[in-house]
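Residue numbering begins at 1 within each chain, and the chains themselves are lettered A, B and C in the order written.
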Amino acid sequence: MIEFRDVSVTYPNGTKALDGVDLTIPDGQFVVVVGLSGAGKSTLVRTINGIVPATGGELLVDGAPVAAANRRQLRRLRSQVGMIFQSFNLVNRTTVMNNVLTGRLHSAGFLRSMFGWFSGADKEVAFDALERVGILEKAYVRASQLSGGQQQRVAIARGLAQQPRIMLADEPVASLDPPTADAVMRDLQRINRELGITTVVNLHFLDLARRYGDRIIGMRAGKVVFDGTGAEADDAVFESIYGRSLTAEDVVEKKAGPVA
Amino acid sequence: MSTPATTDRAPTDQPPADRPVKPPPSIGTVVGLLVFAAISVYAAIGIEFTLRPLWEDVNRGREIVARYFDPNWAILTRPAVREGFLETLYIAIIATLVGCLIALVCAMLASKVSAPNTPVYRITKFVLSVLRSLPDLAWGLLFVAFVVNPQLSGVLALTMFNIGIVAKLTSESIDAVERGPIEAVEAAGGSRFQRGRYAVLPQVAPNYLSYCFYVFEINIRASAVLGMIGAGGIGTVINILVSRLQHEDLAAVVYALVVVVFILDQASRAVRRRLT
Amino acid sequence: MSARKTHPPTQESTTRPRPPSKVRSTVWLLVSALIVLFAIWQVNADWSRFANIFTEAPRYIALMGQGVIENPFTMPWSEYWTKSLALMIESLQMAWIGTLIGAVLSFPVSFLAASNTAPRVVVIVTRQVLNIIRAVPEIVLALVFMIPIFGLGPLAGAMALGVGSVGTLGKLSSEAIEGIDRGPLEALDAAGASKLQQLRWAVVPQVLPEIVAFWLYRFEINIRAGAILGIVGAGGIGSILDQLFNAREWGRIGLTLVVIIVVTVIVDQISAKVRQRIIAGPGAPAAAKQVRERVAV
């Protein structure tokens, strides 16, 4: 369970990215966070694993306060939280397998991790993760040789290899074309359903948000301005979140989109 | 959710048979590593590599090295030393200018983009790689024998040395130049020379100037040692002090040299940063 | 004429933009010219000796050429060739071991000198140490530190080249590290990897090809440096070169220079090829081939 209690984040340059956020995300939920860029979506997601430290309020992940964690506790927390990025963040020059195995680093000893002697068990976890996103046969291919959609699946497998309880995804489909975006979102949803991993995804496409979110959280200027189910989030709600009328840019599939 | 979630299969189970097998390292990699190891062993045996002197014979060296921690700063005030440093600087400046000017012409001839024809390009490239293969001190020895005068031989040696470096770097910059402007000047009826002057030169000028300052840095270092073989500059002083075993004096000169090179390096690099 | 008079307002609109001031560049040019002229005036070189290039040099060069074209299979020329070649190979060995030492020493240092992997203070200190090492000529390093410790011979030379290489290698490598894509670092941080694990799995795979290419590049430079260290007794072909010039044995000088040039050019070519291959990566040729095949189909 993730609990935000009046959480605020102010960056060193004075920008207030989160402003008194109160949220409770129960285990196993698939949450989509929507809002314009700069609304605080990325910050919200990044406070959960402490990459961005909360500067005010209290944030509990499974009952443990994130802000009070020391370096070691923070690493343990992060090992239980997978993360997926807009730009995939893979090491292109090495194999898919090595990229996925970096998800096992938190449990690897010094020598093992320096020389890359991963245990058979670790390798099996990595294979299993690759199998779940359907690119097992690419295990020993260089990451740079994959397409964007395949690279994002590798990144999901890396997150899965951590055997996480929570999966965070920051704009995971923003760099992908519409059909691939939909496929990646389906992968995330399937993993959420099959493994019960709590999933928090940032999106700015409202059709994807409606289709996949059990729950939609709308953010504007660092504040939560909407919190409800996908069905409740109609165009009027989105217009109030975005503070403007909707355009074709706000949906992935232009023809099927509600405002086309 | 308090149990780790990922898999319904315990990781210790026998892995299923359908796992991809790690491909063996490519033949190129294996051969490369073997060659690398073989050369390393061969070279280490050849020069009788050992680190033993570092702890066994250290006393032999310690005595001399200790004298380097007690430099005789007074020697720096001697006119011969001061003149030696200035001479090094002058030689470096003159050689940089002459070398870089000749190098610009050579660079134009050594790039496919600007060379008049293929034979000229091939020959220039070959001559340049020969020029570059001789180290600065070898040029020094040659010119000391040819012209005898130490300062002049220093200037000539560094000039030859510089042509090789600057012409190579600049010709590579010319290779990478955008072809559009060249086509434009050609289309406007420009001559070969005009093409070089108005389409190529403006594009490579910042890089070229930056290379000139780069060889100036190299020249300061090189002209300091050229004196050891009689080609003028502070090296002459260093040579005398070495032969007289005046280590305390030598230490002061060497430290001063390092400081001078360091300062000129920093100044030159500040200029280079602004150029590119 | 009258037409021109009837259009006075055009005159005002046709004021041409003034060219930007050239004062700065002119001043720079003048200052540089003055510096060079001052240097030429001060250096007290005997410029008249330049004529020797046309009078003396051709004679010496002819003598050198004779040495090169003497039948290399007759005594004493066969021995001269063998001796020069053996010493050049010793220079190469020094350069190789020196580069290896430089690589081993500079690799960890480069992480300390990169602003994205080390704290600011450490970076500044390490960079200045590297700059100071770069300022010391290898030959001085050999003379002052390595020969007293390791004695005369190629070992001292290799050590001097090794320590001398740390300056440039550390600098180039740290710049490569600073140029990496930060994404994988962030991903590994988010996955709970330690700082050291992040370096090993996010930084090293990204920069290793470049850094190995720098090692080879430095090897090419060290071949040249290794060819002259013998002048101060630190091994390699430099030792014989100095003696030959003192004895004015032009024939042997000629063939020794030929050995240096030929060996250096050949090793340079090989090294450059390997560097290109490393930068392109083992996957790249295969990928290129795939593309070619696809185009063919």
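The working rule: contacts are C-beta pairs under 8 Å (C-beta built on N, C-alpha and C of every residue); 3 or more make two chains touch, one makes a residue touch a chain.
Bear in mind the structure is a predicted one, so any value in this text is a computation, not a measurement.
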Contact-richer chain pair (by C-beta pairs counted) among B-C and A-C: B-C
Farthest chain relative to chain C (centres taken as mean CA coordinates): A
Between chain C and chain A, distance of the C-alpha-averaged centres to the nearest whole Å: 46
Euclidean distance of C-alpha centroids - chain B vs chain C, Å: 3
Chain C-facing residues of chain B, complex: 26, 28-29, 32, 39-40, 42-44, 46-50, 53-54, 57-58, 60-61, 64-65, 68, 86-87, 89-91, 93-94, 97, 129-130, 132-138, 141, 144-149, 151-152, 155-156, 221-222, 224-225, 228-229, 232, 238, 242, 250-251, 254, 257-259, 261-262, 265-266
Chain A contact footprint on chain B (complex, rising order): 1, 4-7, 9, 11-13, 15, 18-20, 22-23
Parts of chain C lying in touch with chain B, wherever the complex brings them together: 35-36, 39-40, 42-47, 49-50, 52-53, 56-57, 60, 89-90, 92-94, 96-97, 100, 131-132, 134-137, 139-140, 143-145, 148-151, 153-155, 157-158, 224-225, 227-228, 231-232, 235, 238, 241-242, 245, 248, 257, 260-261, 264-265, 268, 274, 277, 282
Touching residues on chain C, where the partner in the complex is chain A: 181, 183-184, 186-194, 196-197, 200-202, 205-206, 208-209, 281, 283, 287
Sites on chain A touched by chain C in the complex: 49, 51, 75-83, 85, 87-94, 98, 102-103, 105-106, 108, 110, 113-114, 142, 144-145, 155, 158-159, 162, 168
